[in-house]
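Across the two complexes that follow, chain A remains constant while its partner is chain B and subsequently chain C.
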Partner chain A sequence: MTANTTSAVKPAAAFTRTGGAPSARRKMKSFYPSWFFLPAMVLYVVFFAVPTFASFYFSLTRWSLFNIQFIGFANFVEFFQDPQLVNGFIHTFEYGFVTSAVKVVLGLLFALLLTGPVIGRGYLRAVIFFPVLVSTIGVGIMWKNLLDPFHGMVNAVLGFFHLGQPGWFTDPKLALMTIAGVDIWKGVGIATLIFMAGIVAIPQDYYEAARLDGSGSWQIFRSITLPLVRPAMGTVIILSLIGGLRSFDIIWATTGGGPGFTSDVIASVIYKEYQAGFYGLSTAGNVILFLVVTVIMVPISAFLNRREVDL
Partner chain B sequence: MIPRTRKARVTAVLGGAALLATALAGCSSGSSNSSSSSSVSGPVTIKLLAGGNDPVSIATANAYVKGFHAANPKITVTVETRPGGTDGDNLIKTRLATGNMDDVFLYNSGSLFQALDPDKTLTPLTNEPWVKNVSKDFKSVVSTPNGVYGAPVGTTFGGGVMYNKKVYAQLGLKIPTTWNEFIANSEKIKAAGKVAVLQTYGDTWTSQLFVLGSFADISAVDPKWASEYTANNPNAKYSKEPALDGFIHTAQVHQLGLMNKDFASLTNANGLKELATGEAVQYPMIGVVIGNVLQTNPKQVNDIGMFPLPAASAADTRLTIWEPGGAYIPKTTTGDKLIAAKKFVAWLNSPAGCAIQNKTGLPAGPYAITQCKVPSSAPAIAADTQKYIDEGKSGLALEFISPIKGPNLEKILIQVGSGISTAAQGAALYDNDVKKQAQQLGLKGWS
Partner chain C sequence: MRAERIRARVVGVVAIIATIVVFIIPFLFVVDQAAKTPADAASLAFSWPTKWQFFENLVGVVQYNGGVIFQAFINSAVLTVFSVLITTVFAAMVGYVLQRKPSRWNPVINFFVLAGLIVPPAVVPTIWVLQDLGIFQTMLGMILVEATFGLSFNILLFRAFVATIPKELDEAAVLDGSGPIRMFFSVILPLLRPVLATVIVVQAVVVFNDFAGPLYFLPGQPTVQLTLYQFQGQALSFNNLLFMDILLITIPPLVLYVFFNRQIVAGMTSGAVKG
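Coming up: the complex of A and B.
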């Protein structure tokens, strides 16, 4: 029962894992004749399988669209020697793990708040979810303007209170974490939603029994909510980690990987190599990204799946 | 389960197959119809791909199309735009490789042109009548050993220090001819409370001027540098003198605190406004951007002049010259469309075409073709550029003498110019970037 994470571009695989009830898994026999799958299969082969295998070949070549030359593993060697690419790798992990961790913590806190008895709960739920609905590029451009070091609204407010006015996207030390912050702002709504669904699904009987036994709030949270919300947590971790590791659009819209290379991640490096016309090298980068995401996600997914069954 | 009829299943399958067939048909190239008469037989419509999607590029392309249609009513030209910078490079390569290029496209000359594999993708224009009027320098940057492929569009222009002439006069400063004089001037400007050296990393490409704009100085020190660099000679590297100077200078203006505070986020357009008003006094830049000043500060266009980025010694100080971009026709354009496209390209440098270039493009230096003349109303920067050319104190930018230009130079120089890495580190990184590009181009001596 290994999770279906064969492709980095299909985080939806994680959804079907938690969505599929045990009863549906039991019977694998199809209701349809096999030729019924033919159109989907043809589309899948032509647009997914063939390009995937073609990319393995192209990653071993120096390719200029006009000429192609087989060069073995030189692209991969280049990818790991270039300091800018190595940095991109490190930044990718920092970014992926920070955004994922903060989304889990914040998402859980917001979910607890928004499933509890608060005034204007429906309104607050909508507000938390709104950023998810906005285009990522739009979010990036908006924050780029809000956080402009000299003309942005945020620094104007900070300046009014005589506080420091950091160059959010332009200071090499801050840029990557500022983008992570924007990513969290945009993505925490999804995490909250999944946690809310998880919390609501916990039967009330447990809580009533715990209260009768005289448990405090912290004890209830630790011993009931947290263990029983674990399937939701697994989904949040997998979704946000995959999203973080291959994140590109928000970085491109805010800093373009800059200043210099200080906020470059694998995806933005690949895009720049592609822009520069290093088609073979950028394909090699995509193969590496694919392998890295698979290597990280398969064990995590398997681990989280096992815990789910244990419960 | 929902019961389904056999008919519905068949329809679904056929529908899917039909969808796939249409999608695949979209990939094949259009029909080709070759005939070789000298004038178009009936009404023809051709497409022009503009040189970018900025207001100046769009306005110029539309003006060309309108003017050309008035002179050739049988031929209609429609305009498409494209992104500038590396996104544009990529789009042009992809469209050429897939046979989807517009009938005429405007693009850079020099190393970017060479990366298009012109012999395979472009129609040679060697035998067109206007070719004999094109300057030798320009011809060399749109040619391969097999032919000439492009017509000039726009003027040549200098890359050096754009400076505010009024402030220079007020502070009693002289045009610097050595790097030390430049630094001394900059200290005086800073003491007067103005921005001495403007940098605008908000537009990343603008970071490259200390390196690219001083190439004429390197050529003056070592005339063979460019050919040795192309041949992978270990002495002609950016991590060695004289080329290392450009990186050192980029780092130095930052270390000495001569730059504007908002260098990391300021954009080119806003920087030019500050230069025009005299808030900022010196801006290492290419002269072609003067067109933007006309849009925002029309009254101050003539307050801006240009001098070369100075070398260590005055004898080596030269203005680096950029050749204009070209108009090209892809191999996929044939028959009547090819005749129309050739007519359009020739028309660009006709009297009517030159008038449009003078009006919307704004000359920043002399033309590369004898048919077009710079008008007396041209901005002051054009006269400054012309002066250095006439005195023989100019040289071509590296991208017109060597096919190799590493794609990451702008980012590397931002690192150096913001103090993230040292000049030596940046230069070494760029040498590696150059190596990657040379290998990609399949040049001899790099594998």
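Coming up: the complex of A and C.
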């Protein structure tokens, strides 16, 4: 920790030494105090960086309440040999990509709707955003009731029209995607909001010019809105992927990973192993989640950032 | 022009009907359930309550389990207020200097900020750190953990917003002879007000609604999200109280949103779109 704090102070000293700039500028630069980084850095190092680095070691141990024993990669081997844990691994990808993709598409659609000519805009915006504020556990419980296969309101309506009675959360084939649907219902408001800001920021002249050229609305969308809304799209993709890949609350509130293990993701496996007292295995799950998220997010954010600079 | 107005109306009406079905009816269902008798609520039907007992259920939730919900609200309030305070001030300090001061260290700092946003926290090792510091299962530990988890996102918001504040304002403050701390609190922080509202409200909602954090790091002490679980184990016989509890714990975020609606939208988007 001390090593880190000294390195935080160094840049300030380094900067005052590099001369060449007019003295006022230089004074300005040294004026911004580097120790402003310190409080956040202490928290970050103690409660985030240290646990993250420690997790690499602990994931290689058999770790219970009372003792800790180095066992090499045995936890990872177990993780990828146990079909239930492998399922959780695959589900994490499915869940992350589905929720993110649908949020991008629906968010953009809603944003186009809300920035175009439409009545009741204030109401529509508020109602789409509202679920973002409600507790995830509350939303999960609510949908568990609404989607109850035998007594739920949704199946009552479907039954009325003779449209079948899906098991939603209780059907092993449907459970994960049902949860993804609830996640989208709850989170699409943020995506909409970000897209709206992106669309509003596009200068009106472009649209007027296109209209004078006689472009249709599809053409305008394809060649003006879509390319220029890309920074907002990048933000939506990154935020929703980060959230989706580590999703836990909503799964825990609806199915608890069930039926069986059919809606488990890595985050719920981490909790289950932790609860069972397998701290080493739980931490191995954490390291795997870390690797999954990093492997997916680094190229995506690099790609999106490059595009952003191009514009 | 006339065709456009008709279109706006048709699209609007369709959208309003769709949102009533998809969003409003589920919420009404929550209110409906919260007003029913236990037997009624256990049937899960979206029906008019046979006996309207909204107030009785409210009392029922408040008295349940020796009034644990009071303790839960106090815990959640303390956790939210202090963690948001710490994150906001610390993240504003970083976001401000990070944007203002060009340094060859900035890429490194930016990397760690992004890492903090992307990397999922390691659960058991964090408990291990808290235990070593003697603050596992304490409110202090929980506050510091929540404050840490909020840093990255808020640093990004602040950094993006500081970029829109003219540098001349800092320079004027320096000429006035005020030191960095005074300048930060008397010049910068007031200028940050729009994004400050965003950060505070969004962070407060996130912490107040957090479930996994207290589940892992504050076991044994109730927070509002965990109170929902005391009704969950009981089959459906307390379904009415469960839904009343959902209503109760939705009120604080809702109040915040109603008051700060416009600032949240403005601040959130100004930060987010510029990345």
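The rule we apply is simple: the second predicted complex is superposed on the first by the 274 of 311 C-alpha atoms of A that agree within 3 Å, B and C clash if a C-alpha of one lies under 4 Å from a C-alpha of the other, contacts with A are read in each partner's own complex, and residues count from 1 in each chain.
FYI, a contact is a pair of C-beta atoms (placed from the backbone, for glycine too) under 8 Å apart; a residue touches a chain by one contact, two chains touch by 3 or more.
Everything quoted here is computed from the prediction, not taken from an experiment.
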item	value
Contacts of A:Arg246 with chain B and chain C, given as first, second, both or neither	second
Which of chain B and chain C A:Pro231 touches, first, second, both or neither	second
Most chain A residues touched (candidates chain B, chain C)	C
Touched partner set for A:Asp82, first chain B, second chain C, both or neither	first
Touching partner for A:Phe36 - first (chain B), second (chain C), both, neither	both
Touching partner for A:Val293 - first (chain B), second (chain C), both, neither	second
Chain B versus chain C as contact partner of A:Asp148, first or second or both or neither	both
Touching partner for A:Ala210 - first (chain B), second (chain C), both, neither	neither
Touched partner set for A:Lys272, first chain B, second chain C, both or neither	first
Contacts of A:Val46 with chain B and chain C, given as first, second, both or neither	both
Chain B and chain C footprints on chain A, overlapping residues	31, 36, 39-40, 43, 46, 148, 274
Complex interface listing, chain C residues touching chain A	4-5, 7-9, 11-13, 15-16, 19, 22-27, 29-30, 33, 43-46, 86, 89-91, 93-94, 96-98, 100-105, 109, 112, 114, 116-126, 128-129, 133, 144-145, 147-149, 151, 155, 167, 170-171, 174, 180, 184, 205, 208-209, 211-212, 215-216, 224-225, 228-229, 232, 239, 242-243, 246, 249-250, 253-254, 256-257, 261, 265, 268-270, 272-275
Residue ranges of chain B touching chain A (in the complex, touch as defined)	1, 9, 12-13, 15-17, 20, 24, 86-87, 89-90, 93-94, 96-97, 115, 117, 120-121, 201, 204, 261-262, 264-265, 407-408, 411-412, 414-415, 418, 420-421, 429, 432, 436-437, 439-442
Of chain A, residues touching chain B in the complex	31, 35-36, 38-40, 42-43, 46, 62, 64-67, 69, 78, 82-84, 148-150, 167, 169-172, 256-262, 272, 274-278, 281
Residues on chain A engaged by chain C in the complex (per definition of touch)	10-11, 14-15, 27-29, 31-34, 36-37, 39-40, 43-44, 46-52, 54-55, 58, 63, 113, 116-121, 123-124, 126-128, 130-138, 141-143, 145-146, 148, 151-153, 156, 185, 193-194, 196-198, 201, 231-232, 234-235, 239, 242, 245-246, 248-249, 252-253, 267, 270-271, 274, 279, 282-283, 286-287, 289-290, 293-294, 297, 301, 305, 308
